[in-house]
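Labels for the chains are A, B and C, by order of writing; each one numbers its residues from 1.
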Amino acid sequence: MELYLYLALFSPLAGSLIAALFGARPKTLFTGVVTSALLGLSLVSSTILLFYILGGGAAVHVEMMTWMATGDLYIPFGFLVDQVSVTMMMVVTVVSTVVHVYSIGYMDHDKSFNRFFAWLSAFVFSMMVLVMSDNFAGLFIGWEGVGLCSWALIGFWYHKESAIWAANEAFIMNRIADLGMLIGLFLIYWNVGSLQYDRFFEAVVTLDQSVLVMIGIFLFIGAMGKSAQFPLHTWLADAMEGPTPVSALIHAATMVTAGVYLVVRANPLYEMIPEVGYFVASLGAFVAMFAASMALVNRDMKRIIAYSTLSQLGYMFVAAGLGAYWVALFHLMAHAFFKALLFLGAGNVMHAMSDELDPFKMGGLKKVMKGTWIMMTLASVALAGIWPLAGFFSKDLILEVAFVEHHYVLYTVLLLTAMLTAFYSFRLVALIFHGEERYKEYGSHPHEAYTFMLIAMSPLALLAVIAGFAFKGSYIDMVTAVLPATEYHVHSPVVFWIMVIGTQLLVGAAIAYAYKKYQNAKIDKAFEQRPCYKVLFNQYYIPHFYEEYISKPYRELSHVAWKQLDLRVVDATVDGIATLFYKTGEQTHTMQNGNLSTMLRWMVAGTVLLLALGVAFTVGISVVAG
Amino acid sequence: MDHMNVANPYFGVFVLFVLTFGAFFATTVIARLASRAMAAKDTEKLKLTVYECGPEVTKQPNRISPQFYLFALLFLLFDVEIVFMFPWAIDFKLLGWFGFVEMMLFILLLAVGFIYAWKKGALEWHNIK
Amino acid sequence: MIYELFLILPMMLIVLGALMLMLLSHREAPLNRNMLSVLILALAFGLTLSRLGEAHSVFVFEAIFGRSFIVDSFSTLFDLMILGGAMLTLLINHDYFKSRHYFDGDFFALVLFAVFGMMALSHAHELISAFISLEIASLSIYALVGYNSDNPKSREAMMKYVVLGSLAGALFMLGLALIYGATGSTELGAIAAHIAAHPQDAHTMLIIGGFFVMVTLFFKIGAVPFHAWVVDVYHGAPLPVTMLMASTFKIALFAVILRIYLGDFAALGDFWSLPLQILCVLTLIGGSFLALSQSNIKRMLAGSSVVHAGYMLIALNAITLGNFNASESILFYLMSYFISSVGAFGILSFLAAHEHKQLTFEDFKGFGYSHPYLAAMMSIFMLSLAGFPSTIGFLGKFYIFTGAIEAGQIALAALGIFVAFVSIFYYFRLIATMYFYDTPKTEQHFGFDTTTVLILLMAILSIWGGIGTALLPYLPTPDALIELSRHAITSLD
């Protein structure tokens, strides 16, 4: 099994290195093919590991090598494949294989084709390190690795000012959160003396409650950054500047869910501190609602999907915060499939419309893009949570959890959000695919994507449909071997059926309303003048607030520090030392005039000096000794 | 200071030695300073030419060829090595085979040097490569 | 007998090779003398390598030579460093030799004689042998320095070096006489026995003699105030000779310094300490002045080599104070300095071979754009020489400063760190010159040949030496080098 572990882990790295070799060359098709093939290998290995674990095999734990060993500090490079990490591995490898194959078509005309695949595979490798590590240090390395690759991929089209800005924003926001994460790691090391998961989880019960709360909060701050939770959420929408396959892989399916993974992985810790867990859940519910509301009015196709991702991440945190870790992980998995599918569909639409993002300029595309239409509709149905697609099983479960745990406020918020989700998803589908062919006014000539791209997407479509009812049973059996196996059943069957059917009806109503309103939508000028629209459209003015009250004062402070502190104190000191040496050098360069006699004199002077010292010192010692 | 140290027979030598160094250093410095201070700074053209004991400065007609120096050097080199052979010759029997082999090695090394000089043309007049 | 022959076989190989090259020198035959000498060096290297790691300490032909020549683990390690150093120096100058007409057969014969002298120096267990070895190496190097007799600078450099070197040699003899006068022997073991047998305060003359020997050795490594020749001679000498002097010769000198002051004079450490500290301070500060004011890269590197000698003196001082662990740091530092400086000089030699430039800072303007790969490697070497973290130079300095602090020499370590900061000015000046100016020239083609491949290797080694422990678990790491050095040092006791 170790062989499969290494294969799964390192074949993306190999692919990345191969593609990087040709990074500066013009497009060569085989880099795309090789990286995809190697990811396929990784997928196969992960699948073998999955079946091994499903078949009741013990967790695979290897220690590849010692990374640091100084004094008491001992950090090995160890990898662990257990029920949780194998789930993540499957999600990562399935989605990334699909995205790689898809990108061969999507990036077809890009001149940096090879560079794209080098970074994309590097991302997958980092993500695998993140999920497979058996200690927090390895997790952190992967954590930073995905951050770096995400930075490079958001800013992939670095000639665009906005792309660079978005890349830097994402990176800096994540750095802020990573500081919290690092503090958490230091606290763990400080108190436990090891960063290994198993050592830490053993020690959790013996630690002081306040320490645990601190650790929990700081780790969660790290998770907030990666998973773009409020108030560090602004980067995710801006990150849509990157190529769409990147959005599908990184900003929908994998990297942003790393925060959820962290909380799930640290479940013994959060078990001990339910109050922090409750905070996590509340924040998650808030973000779910908050992000969904912003998605209602947005006029940028990719941003709408990004807000939807944010909202779904909120759902996952609700589940994780309430202690239903396996539910969170299940929703993570289902969400990865249908959200990646949605993004890839959006990528097809963008391709067809020559990178147009405003759905109001589309309409009626279902005639020309049948395949994309079907898949995006499927993904939207799954996202809305209609039976029997994947979203129903995972999202309804979260609602049940909230209900069963008697958090009725959370339940209500989530229920409302579910309606909003259905509404904005189908608003998008209606605007893009139905109604008049508005694009003709703008002179576009849409065409369907390459067939192989559609074929590449089809596994995701399949999974989005069946992941719920086909996998739920065996999934629960598997994961609950390591995660707390709480069953969430509403005790009264009447209440249960009312809940389920009620939710379905509400969601269905929202879908119908969205179709009706947007099927033939013209842009509603009067609606746009309303304050509530403005607030939502401007993302609650939060980016504005950040710019005005954080970025600007910081810039001014930096300016002052530069003028007053750096130039006058730091630079002056440094220059002063250099000038001192230069000046003295100029004064004394006659000593080094290249004249042989002078040189001889130097030598004699030196010898005399040494001798004088020697005699003085020897005699001195003799006196002391005598 | 310990009596032993002063009594050391070499201590006097050492003191003299230090003094000599000091004196050397002082003399050169003083000489330079003094000559700089006292010298008449006359930059007349004739003054700056080479001093040739009265006769007018001309190009020397009979220059000594550097070849002489080379010959002198080679002679000195090989001549001095003879010094090593005398004691060996005197104690030839005493030293026996060991001495013989060692001296042969020595001569061999000399011979290599000699061949080198020869091949380089150092032994031929006006034929320096 | 056979075993002892085997032990000295590498040295014999070198001498025979030198004689052969000497006799072949007048031939016009199409003979790649460079590769021939490299081959001889490589053979000797291979033979010596087979002994690495096994602990041994043998006086060769004790019946004939007495105890004047020793072959032990210590000398083996130094032999390897010297042979490897000479080999790399010759190889990295491959292009340079081809571009200059004056490198004929004699040149390589002289290089081999110099290498022989250096090896003998690391084996010398007696002061007269040490002196003779030193002079064999020095005389060859005098001739090598002035080898390009068309260049007045080269001739001038040779003249200066010969005159000053002779004075230094005379001082060595003087010191030798004093030591013999005091102890009745020039053999290091006997001297050590004499020191042990007599009270501490009875060694005045011995110490004075020791100082004279020290003056000579410090002259050769270019410690202030015996440094006056360094910049001119390094500048005047042909580049390969400069490299040989700056790196390989210095290695050999530290071999003898360590053997004398670590092994046998160790008991008198108290006496050396104060003068050494003063020399250290002078060398570090004086060397910085020298390096700062140069406008020619070769002269700047020459000046900075004085500073590097100063760092090693810090470690030497720590040894005299009883911290014997510091000796490993000297060995490691020698290797790290060797790698970085040979790389930097190699780039100069490559440029001199292909572009015939003066190699001043001016010439490097826009170098980053015209030669992006070479400029990147040059930056690595400069970073390593400056002791930037994640390069081998950093580890070298790190070990030296820790050694000094362990020996209680906090002030010296602080001065060393300060001087390392000052060194950033002149090393980074080159990096800044390379990257912060535009160049009218277009990008030059970067081709792989002996020279560039070796430069690349040096660059990789500089980085590997700095971070190797973390990344490449299966290759020998700097720790292994330290381990090797420690092993070698133990054979001195």
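Basically, a residue touches a chain if its C-beta (ideal position, glycine included) is under 8 Å from a C-beta of that chain, and two chains touch if they have at least 3 such contacts.
Everything numeric in this text was worked out from a predicted model, so none of it was measured.
Of all chain pairs, the one linked by the most C-beta contacts is A-C.
Relative to the whole-protein C-alpha centroid, the nearest chain centroid is that of C. Mean C-alpha positions place chain B and chain C at a centre distance of 29 Å. In terms of their C-alpha centroids, the spacing between chain A and chain B amounts to 80 Å.
Taking the mean of the C-alpha atoms as each chain's centre, chain A and chain C sit 52 Å apart.
Multi-chain contact residues of chain B, defined as those touching 2 or more other chains: 2, 5. Residue positions of chain A with contacts to 2 or more other chains are 605, 607, 611, 615, 619, 622, 626. Contact with two or more other chains is made by residues 201, 204, 208 of chain C. Contacts from chain A toward chain C in the complex involve residues 65-68, 577-578, 581-582, 584-586, 588-589, 592, 594, 596, 598-600, 602-603, 605-607, 609-611, 613-615, 617-619, 621-622, 625-626.
Those residues of chain C that touch chain A in the shared complex are 159-160, 163-164, 167-168, 171, 199-201, 203-204, 207-208, 211-212, 214-215, 219, 224-229, 231-232, 270-271, 274-275, 278-279, 288-290, 292-293, 421-422, 425, 470, 473.
Listed in rising order, the residues of chain B touching chain A in the complex are 1-2, 5, 18, 21-22, 24-25, 28-29.
On the side of chain A, the complex with chain B involves touching residues 597, 601, 604-605, 607-608, 611-612, 615, 619, 622-623, 626.
Per the touch definition, chain C reaches chain B in the complex via residues 19, 22-23, 25-26, 64, 178, 181-182, 201-202, 204-205, 208.
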